[in-house]
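By letter and in written order, the chains are A, B, C and D; residue numbering begins at 1 in each of them.
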Amino acid sequence: MIKVGIVGGTGYTGVELLRLLAPRQDVRLEVITSRELQGTPVSDLFPNLRGFVDLPFSSPDTEALFACDVVFYATPHAVAMKTVPALLKRGVRVIDLSADFRLKDRALWEKWYKVTHESPEYLAEAVYGLPEINRAKIAGAQLLAVPGCYPTSIQLGFLPLLEAGMVDTAYLIADAKSGVSGAGRKASVGSLLTEASESLSAYGVSGHRHLPEICQGLDSYAGEQVKLTFIPHLTPMIRGIHSTLYAPLREGKDPAVIQQLFENRYANEPFVDVLPQGQYPATRNVRGANRCQIGVCYLPANNMVVVLSVIDNLVKGASGQAVQNMNIMFGLDEEEGLRNVALLP
Amino acid sequence: MIKVGIVGGTGYTGVELLRLLAPRQDVRLEVITSRELQGTPVSDLFPNLRGFVDLPFSSPDTEALFACDVVFYATPHAVAMKTVPALLKRGVRVIDLSADFRLKDRALWEKWYKVTHESPEYLAEAVYGLPEINRAKIAGAQLLAVPGCYPTSIQLGFLPLLEAGMVDTAYLIADAKSGVSGAGRKASVGSLLTEASESLSAYGVSGHRHLPEICQGLDSYAGEQVKLTFIPHLTPMIRGIHSTLYAPLREGKDPAVIQQLFENRYANEPFVDVLPQGQYPATRNVRGANRCQIGVCYLPANNMVVVLSVIDNLVKGASGQAVQNMNIMFGLDEEEGLRNVALLP
Amino acid sequence: MIKVGIVGGTGYTGVELLRLLAPRQDVRLEVITSRELQGTPVSDLFPNLRGFVDLPFSSPDTEALFACDVVFYATPHAVAMKTVPALLKRGVRVIDLSADFRLKDRALWEKWYKVTHESPEYLAEAVYGLPEINRAKIAGAQLLAVPGCYPTSIQLGFLPLLEAGMVDTAYLIADAKSGVSGAGRKASVGSLLTEASESLSAYGVSGHRHLPEICQGLDSYAGEQVKLTFIPHLTPMIRGIHSTLYAPLREGKDPAVIQQLFENRYANEPFVDVLPQGQYPATRNVRGANRCQIGVCYLPANNMVVVLSVIDNLVKGASGQAVQNMNIMFGLDEEEGLRNVALLP
Amino acid sequence: MIKVGIVGGTGYTGVELLRLLAPRQDVRLEVITSRELQGTPVSDLFPNLRGFVDLPFSSPDTEALFACDVVFYATPHAVAMKTVPALLKRGVRVIDLSADFRLKDRALWEKWYKVTHESPEYLAEAVYGLPEINRAKIAGAQLLAVPGCYPTSIQLGFLPLLEAGMVDTAYLIADAKSGVSGAGRKASVGSLLTEASESLSAYGVSGHRHLPEICQGLDSYAGEQVKLTFIPHLTPMIRGIHSTLYAPLREGKDPAVIQQLFENRYANEPFVDVLPQGQYPATRNVRGANRCQIGVCYLPANNMVVVLSVIDNLVKGASGQAVQNMNIMFGLDEEEGLRNVALLP
């Protein structure tokens, strides 16, 4: 029985962790914190959890966190960095869904997040929780940084091509489309249904915080510094990321070779689903599921590979991936609690 | 291991049955039929099922259905009535999600469905699969008629009041709002996103096929013939039914009495969730879950009880309820395979 | 040339007024106020107005308002009551889209809005701006109270029946469904796309602020006190109100009589469209248009009339109706600037 | 008074033409055809037109078309090519919203549309109706081919860069996102709300019919053959196209130079709105309006220009552009009937 705590349980990654963890027999939710809502039953805020989660929210200062085997941080950035060290020192393993420990380069992190990092000494030891590239290290991690949603879909889409050294890395483009839940559960005019539905727009055009995280990964897979243009878009749906990736090849290839490259790379990955040639993904295929679904198309006339990579941003892009990491860290079946079928329609 | 067949696997109740059944260890999917798509892998049509369902669609004429323990019909009306008898005679139990065996009165059925019933001799023995009223009979059913989506939400909402004899049954009103998936997965202009989104309209105003089914139930709970005005509405969402029920009381009551009536009636029902006084349901609270969530409000000035009853039309309103019935029929834990938390947001 | 000012131009009724007024040749926008955004170009906030509105927001304290012929208040309640008297005293006519001057009964207003009314002396003279009932008084109004969105659709739907004295007024029900723009353009978690889309729920079940306004109207049309149960619902769309009204008749009627009653009552109303018998409205039929579209169905078995009344809550339910009132007040063609066709799809 | 006929009035470009033309005083709708619905009032199909259009649909074989000054074809491809010549020979001018006369190269057209062109002799004389590039020719056109929706947004976005010769044309990418109305008003499973809402997917990945039309334009602006990768996406909204265009520069530039290039190119264009530097468009900014809104961002690190170009696919991408062309062809004010403000929210 794994004793679990959740810091910051009032956002979407929080409720999603609860959805995935509450029905499990091998996990016990010990404590869920919220500074604003302490004392309120969790299921008053999230009525889908009635009958599944009986806990009220606790103060984030509760000692109960120290009695957990693992604590998830489902907080905005710059929160985990303040209190994670105390937990680690007491032997509690930490899975941080926020951005605090994703970048190795402290200066880069501080530039993009515009705040001083309060626990830079942990940046080196934190393990980047993308199992498809880092599974062995994850198993032994004390501090696990869950990748961001855009970075997950984009890295998994480019990974086989970069590892194979096939791509002209000077012209990489990631045109990504996200559902509104990526903006979290905070009151903001831009995320109102009246503002965000029946519309589509780009944002962060001149630079988005996920860019350095993505590049940190792509550079390492490519073994060189890539030039990536990354444009995120806000789309009128709740969940889902669809990343359309453009990778010009160094030299022409047979389309079947490209397809095979992807199928081989992910043959043993339980949560990456490479579609047959000629099939392309839709975000709804993975809604609610911890799955990255990938379609590949090679356009010989332009010598261009187009990769279509979709995830549910709250599952494989956040809480599902966090649970997948927990499973690995605790020596469980990696798929435990993550075998549900996506909700379609 | 229960051997399961599904007739008519290309619609939304079909894919929803597969979502609920495929991950189960105690159920084996033997055969899924589709006349049009025989030979096509099921997961080509429903890519959320990749890795979960490896079967292709079979011809509906397949002998494999006779080797099943139970066959689900996820077909339009007037299909099951043709082939169900042959299965029953070979000892196969049948769970029919269509309307064919819901009404006891053949003439009434033929009037509303405008077709001659080809197996009227089974109308009497078919068990109406609303566990909250019929659990014992369900356990022994050979032929199970799964209630319709509107009827489920409306009957569960009125049930406690009618059983208690509190209501003036001459003025019952059910104003129901449904997501578009209630219209099924067939090409029709009215269900296009361009027609149905960003709009709301009533339909079937002068009479909807679910009316006699609802009244058959309400009459029996009330012990008298009720007068129900039932107006369904098409609303711009995929899943969900929200039934707003208006029941004038014969005489004034303390609001707490009404609340208690509902809580008591459903205290032991695993899939009916009565909200605390002052809380009201939203369809998203039950999205993907086999749950009817009910809120009650008594308005003393008008001596009116307003009941708000929500379900996911494809789960408690169709496939989930079908699985719940299967669990009862086969002596399994009634909640088996139905413990997932609703997907929120 | 009518000189127009708008107080509170940052909400949806504000931008909608601008959409309707900006292209007109007979109206000149003099000033648009916003305390928070003074100095910001209006079209920076609402980029659909680029090239149509060149003004920046002004301070609400600007003297420019006094130079207008008419000032629209597109503010939350309890704002207009503070500054309207000063304008009236200077001879500026006022069209208030908020609730401040809709109720004749001060105590009732204060009970529902939970604030002391600061200009109660104007409640009597304020004209309730429902042209279909009040056209003559509107022409001479100095202070015009624009009806609320729910009240417009519900009153226009019940009006013919109540005037004809046909209805048993003890059992009136208004089940109303609104798009999210009814909640305005303010940051709130409940109106986020992630919360409000793909869901439907009732709210204000035990009492909504529009109830006394509706009853004030219905009582006067009926010549007696009606008992109305009014349940509003939040639905996943931007614009539109669909009111489903249930009115039991005192005695049975021929359906054609009911249909004729509605057609006759609204025969000369430019903005009320009674559909032919057997046709029912959809909110999208009036999206962006100043039109109330009504369908009527009489159910003889229950002796019940069901009226379906739809409007665009921001047009006939707010800014369009305000412009219609302005046209009447200034002796213009009532349809001026309101002849656009609804946007479908 | 211009006498107008419309062939094929039952689709979305048809109803949109009617929305724009019906309120005009200088245009008279003479005839609207539909083979299936002849005799049915147009406003029965499109209830937003009640009171605006009193015509029934006529047979497409009606002689009334020959009495028109101009006939719009709002038909699927391969219809106009059959009957347009007869109209032209009788002196009727034709504005074809379909694809039949957009390509100059007959073989290319037949390759993509997989049908023999029946009026190839008109391909040369047909004028491509993009006023921003072709205004003078449009004025004298007898046969006008209205550009497709994707081609309009993409060509207007790339145009200034290509005319300036700044771009490395070997790596052009157009990642376009369309609302579902782009698929027309025909019953198809893929366009159902249940299939297309809450999801996002690419389609036509290996080649879309609009590609040759786009390239025909881009090649001519660039004065050389460009290599364009064009990936369209289906997004969960009714209207709107958002094209995200990636153009690597031949050599580095000052961002202000790029911005100025766009502002200068479109300074006198009434329907192209270049946003100030740092502002980016949203499709809702142009919903219902005949406007292309463009934002530009130069990313120096990658030497990449990103252009964001949005239109309403049914207006500037179809019927609005058709009306703009009609205005030019008949010597009217180009903005006549097209001055409405976009519907926001």
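Assorted remarks:
The criterion applied here is as follows: a residue touches a chain if its C-beta (ideal position, glycine included) is under 8 Å from a C-beta of that chain, and two chains touch if they have at least 3 such contacts.
From a predicted model like this one, the values you see are computed outputs, not experimental measurements.
Across the two candidate interfaces, B-C and C-D, the one carrying more C-beta contacts is B-C.
Chain centre most remote from that of chain C: A (centre = mean of CA atoms).
Separation between the centroids of chain B and chain D, computed from CA atoms only, is 45 Å. Taking the mean of the C-alpha atoms as each chain's centre, chain B and chain C sit 38 Å apart. Annotation: 36 Å between the Cα-based centres of chain C and chain D.
Taken residue by residue, chain C touches two or more other chains at 12, 181, 185, 194-195, 197-198, 236-239, 281-282, 284, 287, 345, whereas all remaining positions touch fewer.
Chain C makes touch with chain B in their complex at residues 171, 173, 175, 177, 194-195, 197-203, 205-206, 227-229, 231, 233, 235-240, 242, 244, 246, 248, 278, 280-284, 287, 295, 297, 299, 301-302, 304, 306, 308, 310, 345. For chain D in complex with chain C, the touching residues are 12, 15, 18-19, 22-23, 44, 46-52, 181, 185, 198, 238-239, 273, 275, 279, 281-282, 284-289, 293, 339-345. Chain contact summary for the complex, chain B toward chain D: residues 12, 179-181, 183, 185-189, 191-198, 236-238.
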